[in-house]
Amino acid sequence: MKKLSQPIVELVGISKWFGVVQALQNVDFRLFPGEVHALVGENGAGKSTLVKILAGIYKPDAGVMKVGGEVVELRSPTQAQALGIAVVQQEPMLFPDLDVAENVFMGRHPRDRFGRVDWKRMHREVDQLLASLDVTLSSHTPVQGLSVAEQQLVEIAKALSLRARVLVLDEPTAALSSHEVDELFAIVKQLRGRGVAVLFVSHRLEEVFAIADRLTVFRDGTHIITAPVSEMTTEEIIKHMVGRELSNLYPKSEAEVGEVVLEVRQLTRPGVFADVSFQLRRCEILGFAGLVGAGRTEVARVLFGIDRAESGEIWLKGKQVRVRSPQQAMEYGIAYVPEDRHLQGLVMNFSIAANVTLAILPQVSRLGLLDPRREQKIAGEYSSQLSIRSSGVEQLVSALSGGNQQKVVLSKWLATNPSVLILDEPTRGIDVGAKAEVHRIISDLAARGLAIILISSELPEVLAMADRVLVLHEGRVTGTFTRSEATQERVMFAATGQDR
Amino acid sequence: MTTTSSEVEPAKQRGQPGQARLLGLVSRVRELGLLAVLLFIVLIVGIQAPRFLSINNFVQILLSVAILAIVAVGETLVVLTRNVDLSVGSMVGFTAFVTAYFFKELPHSNLLLGILLGCALGLGLGMINGLIVSFGRVPAIVATLGTLYAYRGLVFIFASNTTSQVNASDVPGGYLALATTQILGIPALILIAAVVAVIVGYFLHASQSGRQLYAVGSNPEAANMIGIRAHRLVFAAFAASGLLCGLAGVLWGARFGTVDATNATGLELQVIAAVVVGGVNIFGGSGTVQGAVLGAVVLGTLENALNILNVSQFWLQAIYGAAIIGAVVLDAFITRWLQRAILSRRKKA
Amino acid sequence: MKRLKSLLMSWEALLVVLLLVSIVLGAILSPYFLSGFNFYALTSNIMEIAIMALPMTLIIIAGEIDLSVASVLGLSSVVLGLLWERGNPMWLAIGVALLVGLVAGLLTGLLVTRLALPSLVVTIGGLALFRGLAYVVLGDQAVSNFPTAFTNFGFSPIPGTELPWSGLIFIILALVFVVVLHFSRLGRQLYAIGNNKEAARFSGINVSRVKLVLFILSGVIAALAGVIFTARFSSARPDNAVGFELDVVTVVLLGGVNIFGGRGSLLGVVLAIFIIAVLQNVLGLLNISGDIQSLAIGLLLILSVLGPNLARRIQVVLARRRLAVGSSKQL
Amino acid sequence: MKKLFQTLGPGFLIVVLLMLTACGSTTGTGGSTPTSSTGPNLNIVFLPKQINNPYFDTAASGGQLAAKDLSGQFKQVGPSSANAAAQVPFITTLTEQHVGAIVISGDDPNAVAPALKQAMAQGVKVVSFDADVAPDARNVFVNQADSEQIGRSEVDLLAQQINSTGQIAILSAASTASNQNVWIGFMKQELAAKYPNMQLVKIVYGNDDDQTSFNDTLALLQQYPNLKGIISPTTVGIAAAARAIESVHKGGQVALTGLGTPNQLRAYVKDGTIKGFELWNPANLGYLAYYVAALLIEGKIKGTVGETFTAGKLGSYTIGANNVVLLGPPTVFSASNIDQFNF
């Protein structure tokens, strides 16, 4: 296994910032030929950032990367490919209009001696690749309409066809069936035998034990430990993963939890989540924990009327309701602070006032005409209430810091005077100070009687803020904990689908 | 809306061989459907008016769409990259006029020279479009709307400084013969269009760059990830569209003999109709040259059939419009049906 | 961000300068330019385009486009003519003509919103369809025996002024549209949709309905322009205003409205309308043929997008350089 | 601030415009002076349906000749594609320039009428030629030929060639072209009156567009295999039809006649595709129109019915009913005489 002492990829002192957030902090990492190296960590631990640096998508702000002992500076994904680094992304980047074979070989089609694309050879090779994966997928199938699992298989086939020296698998098994996982592992082992270095990013610890030789744990963008898998236990790994600091958090003040406001029964959206049931009470913060893709945001989208559930019931204050559109959700008093501030939360080109009042335009207009004074008054109120730091409510939100932008989104939804507030990753990408402020605000809101669903990938945040924690794993509820029951280890066990 | 973001899909679905075949089939529905429509028209009109079915009539139909088809082939290249070229009518008009004028002034010059001149002019115009779009980053619709005006203005200026009209009697017979010659009993015009369609179709099918054109239109981000230079390809697509417009212009002059500064005005509408009806996705990434040509033939056949059935020609334009809208509506429904079919299969699996 | 704001400002400022320059040039180059009659001629010639540019501005700001406006104009014109010829009262003919515009807009709007089709293709189809229907309705005829009051409305200026009646309609509509776009709820929603459709949807804005309203509005206004056009030429013909859609889009884009939506103001568009009107008028007075005019319009259209693009790029490069200098200083 | 600017801007602009209009109404239009103010203003402008059109170019050459004879000025302006709406701005511009006379071929008789009336109100003489405009919107119409005569004679011309029997079709210009429709009306009358065995099976409209006319002719030939003859009373149409007939090798089987220019059709007359067609001499038409305009400006004629005048080389004319001057009978061109003409 460790025939070669020289690492094929070596990262020294890598750091990466996104605005005020440091995603990677002085990370060292070495990958050897012929090993399967698992990279684990919580959401936001920096795994994906590392993968993207290896893929040539991100450029590190500091540090050195060596491939095959030589210092390289990756400027593009193509360059990474040329160096023999193949990455199977979490979200496959494919051409939906083209068939499987072309997706594997795009940009480097096999060609005959006249320079023509050799379709036969291409399909044969891809069919062989797929067959070696023991997949029944035909190379002629258009990618449009393939499931994510199948798309990932295409990506894996692409990596295989590149004869990569380094294969990075970013949570490849998340969408595969157990049979497919077995087959994939067979391939991975085969590749390892050929001397390929495999970096395996996964949440599934049992898979890590099944396939990996060594393991590295990241936490909060820092390297925690690297050790042979055989020397680790599940408990130890989880302890390393969750050892995050809670210092900058503002814990929820205790409040008397009131009557049930929202009840969800057996909510199911096929292929996304199934049989989700819970109750939410006044003054309560219900945390949604789980790993990326567990179905938390998807549940929220259904509650807010953006997507539809196929079956299940939603009860609001004792009455069953159907939420068909965000407008309707708002009428029912549901507000949703979406996960992507820039894409879904804000109109960046608008002023603070215009953003704050965007969801309550009827309230700030008379006979269809906007009343700028009312608008500014409302915006001003929230601006001071949430202490948004700006030069005034007419300032464009694009000029604000992430934390203040988030407060603008919060203001927007508070302005609708909701009874149920869904917060999806409310503190993602904002600095420590602003985070604490947002926590204080959330806590105050709950104290004032709001029923809050808090979706967060930061476990400590959920644990500190939530009265109860609902854990989702692959679209199903795998655990519900009260505040006192919930520990990082227990939640993480449930979130990774471990049977204790 | 099915905005199922590419999150985890817990269900244990697997691609079955049947599903693969279904998908492959559906993607071809458009072209097959078009063929069916064509056959349907032929059948219905043939019963009503048997002379519609004469070989001569079919030759006439093909002749009437040959030039349109050449331009539609070029347009297909552009549309595949998620762009659109609205200036084709002006480019055809420009090259037709200049080529005809060239032959009028120099009737004894080499035929090939004139053809090359027209093609080169078209190429030049197309390259200007390409530069503005891919390097000036002006949206294609704006850029080519502008050049639609500008190129037409240039034709007028050229015409007012030379001659207002070139008549069939002014140009050498050799040039006009380009459109009337028959090779093995088939009119040269049809052959040229067929050759162009086959070459470009083959290029799209069998060349690396051709396939990358699809990639750029299908997912620009993914194309960028694997190092495809989208700018260059878009530029090349516009240049090729210009080149084919140049060729079409040369043939236009030969076919109609009499050309003035307004010729080929409004051609872009017919071209886009042919391309859209032919199943080329206006948002790029999918569609074929044979589809676009088939679209042109269907529209030409429809026009011919209406004439034969004595339907007032006032209906023609309305039918073109309805065909464009009908085609995109149909596309929307096919896509929905496809999605639903996949979903229900998944559920069963 | 202030820089962007000032850039926006400067686009309109640039247009003001352009307009003044063309007016001054016109006055210098032609002795006829500054006459009252010329003002009348200049405005009445562009009013249909100007009127249609108002809803087009809203549609483009909301991230869509409507290329069928000139054809709707033609269709409403022949419907008006046909009804009048068949002996219906004028008010009824005008009413039905406007209704035709409404239905056309509704059809386009439903296709765009319900089936989520690209408005570019739908309205290119509509361009052919509505024009074709205009030919179907009136065929080889042209209706021209309109009552004097109607043609006077189209051709004569408002008594005591040199302003055409259509100019008055434009002023009123322009004021209404300014209020709608810049002061009303709908206007705010438009900008929100054009800037970030997703965020608008998440904010409970009914994106489909707003767009449907816009297309209906566009259809009705185009039909109104058809009525004006018919009155001005006292002629209802199926080929009325062929190709005007290009002028309308040109005016809107020249006015600084972003083709991808979200940005632009009616001030810019109004300025652009008058720039084009003055340019065409001056070129005409100088006996410069329409050929060069179309060349000029085409180039203006491209430059109106290319110019800001290049300016932005230069700005980005400069900013980057400044940033580089700044950071090196910090080091 | 930006918003204030955005919203006040249009308002401000409108105020400026209103001020401008107010000024305009007081200063009126008397301020400007025509370019040549001494003597009669023989600044005569031709406004054809379309520039870059050989027919109108020939007419313009006649106008130029007359201008030389009368030492006046000649200019031709016009839209680049035939469209009634496009003519109007030219009329207003010419009115502003205070030209002596506008000589117009109206694309739509009524669409241009208000603008022409306005021109007349400001002292500009208006002469229509080729295609008339509304009678109250011009001083005189110079008619190339009597409409009835053209309509009937073309049917007669075709009847001679096809023994007065069989299916015939008409290839017209724009469906809205008034002169075409009048001619076609008389053709129908003539057919009904004299030729019971000739059936008019279809009228198609080539829009004076070469390609459309060409395709329409091909469609006609396919649709009516027994078609014996086509009348195309438009120069663009007949040339396109001749080429179309030749391209399907039906020359001699399908007779073609109509209005055309000798230069355009010479080849087809010689190879037998066309046996005979007719046309007035457009150069003479232009010459006469210029002459009438000049005489109106000089005040030598008033444009009233019954006035008689001499138009240079063309001899003397009388203004007939409806203020129409008739150029004279059209010339019939055939293989025997075509080489004598060059236009």
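Each chain gets a letter, A, B, C and D, in the order it is written, and its residues are counted from 1.
Definition applied: contacts are C-beta pairs under 8 Å (C-beta built on N, C-alpha and C of every residue); 3 or more make two chains touch, one makes a residue touch a chain.
Because the structure is predicted, anything quoted here is derived from the model rather than measured.
Any chain that touches chain A and also touches chain B is listed here: C. Path length between chain A and chain D in the chain contact graph, taken as the least number of steps between touching chains: 2. Relative to the C-alpha centre of chain B, the farthest chain centre belongs to A. Taking the mean of the C-alpha atoms as each chain's centre, chain B and chain C sit 29 Å apart. Mean C-alpha positions place chain C and chain D at a centre distance of 33 Å. For the pair chain A and chain C, the distance between C-alpha centroids works out to 45 Å.
Centre-to-centre separation of chain B and chain D, using mean CA positions: 37 Å. Annotation for chain A: residues 306 touch two or more other chains. In chain C, 5, 135, 139, 183, 238, 289-291, 294 are the positions where the chain touches two or more neighbouring chains simultaneously. With touch defined as above, residues shared between interfaces to two or more other chains in chain B number as follows: 156, 160, 261, 314. In this structure, the chains touch in the following pairs: A-B, A-C, B-C, B-D, C-D. Of all residues in chain C, only 1, 5, 179, 183-189, 191-192, 195-196, 198-206, 262-263 touch chain A in the complex they form. Partner chain C is touched in their complex by these residues of chain A: 304, 306, 325-327, 329-330, 336, 338, 343-350, 354, 358-359, 361-362, 365, 368-370, 395-396, 398-399, 412, 416.
On the side of chain B, the complex with chain A involves touching residues 1, 3-4, 6-17, 19-21, 23-24, 27, 205-208, 210-212, 214-215, 217-219, 221-223, 225-228, 281, 285-286, 338-339, 342-343, 346-347. Only residues 2-3, 5-7, 9-11, 13-14, 17-18, 20-29, 31-33, 51, 75, 77, 79-80, 83-86, 88-90, 92-93, 95-98, 108-115, 118, 174-176, 178, 181, 203, 205 of chain D touch chain C when the two sit together in their complex. Touching chain C in their complex are the following residues of chain B: 84, 132, 136-139, 141-143, 145-157, 160, 261, 269, 272-273, 276, 282-283, 312, 314-325, 328-329, 332.
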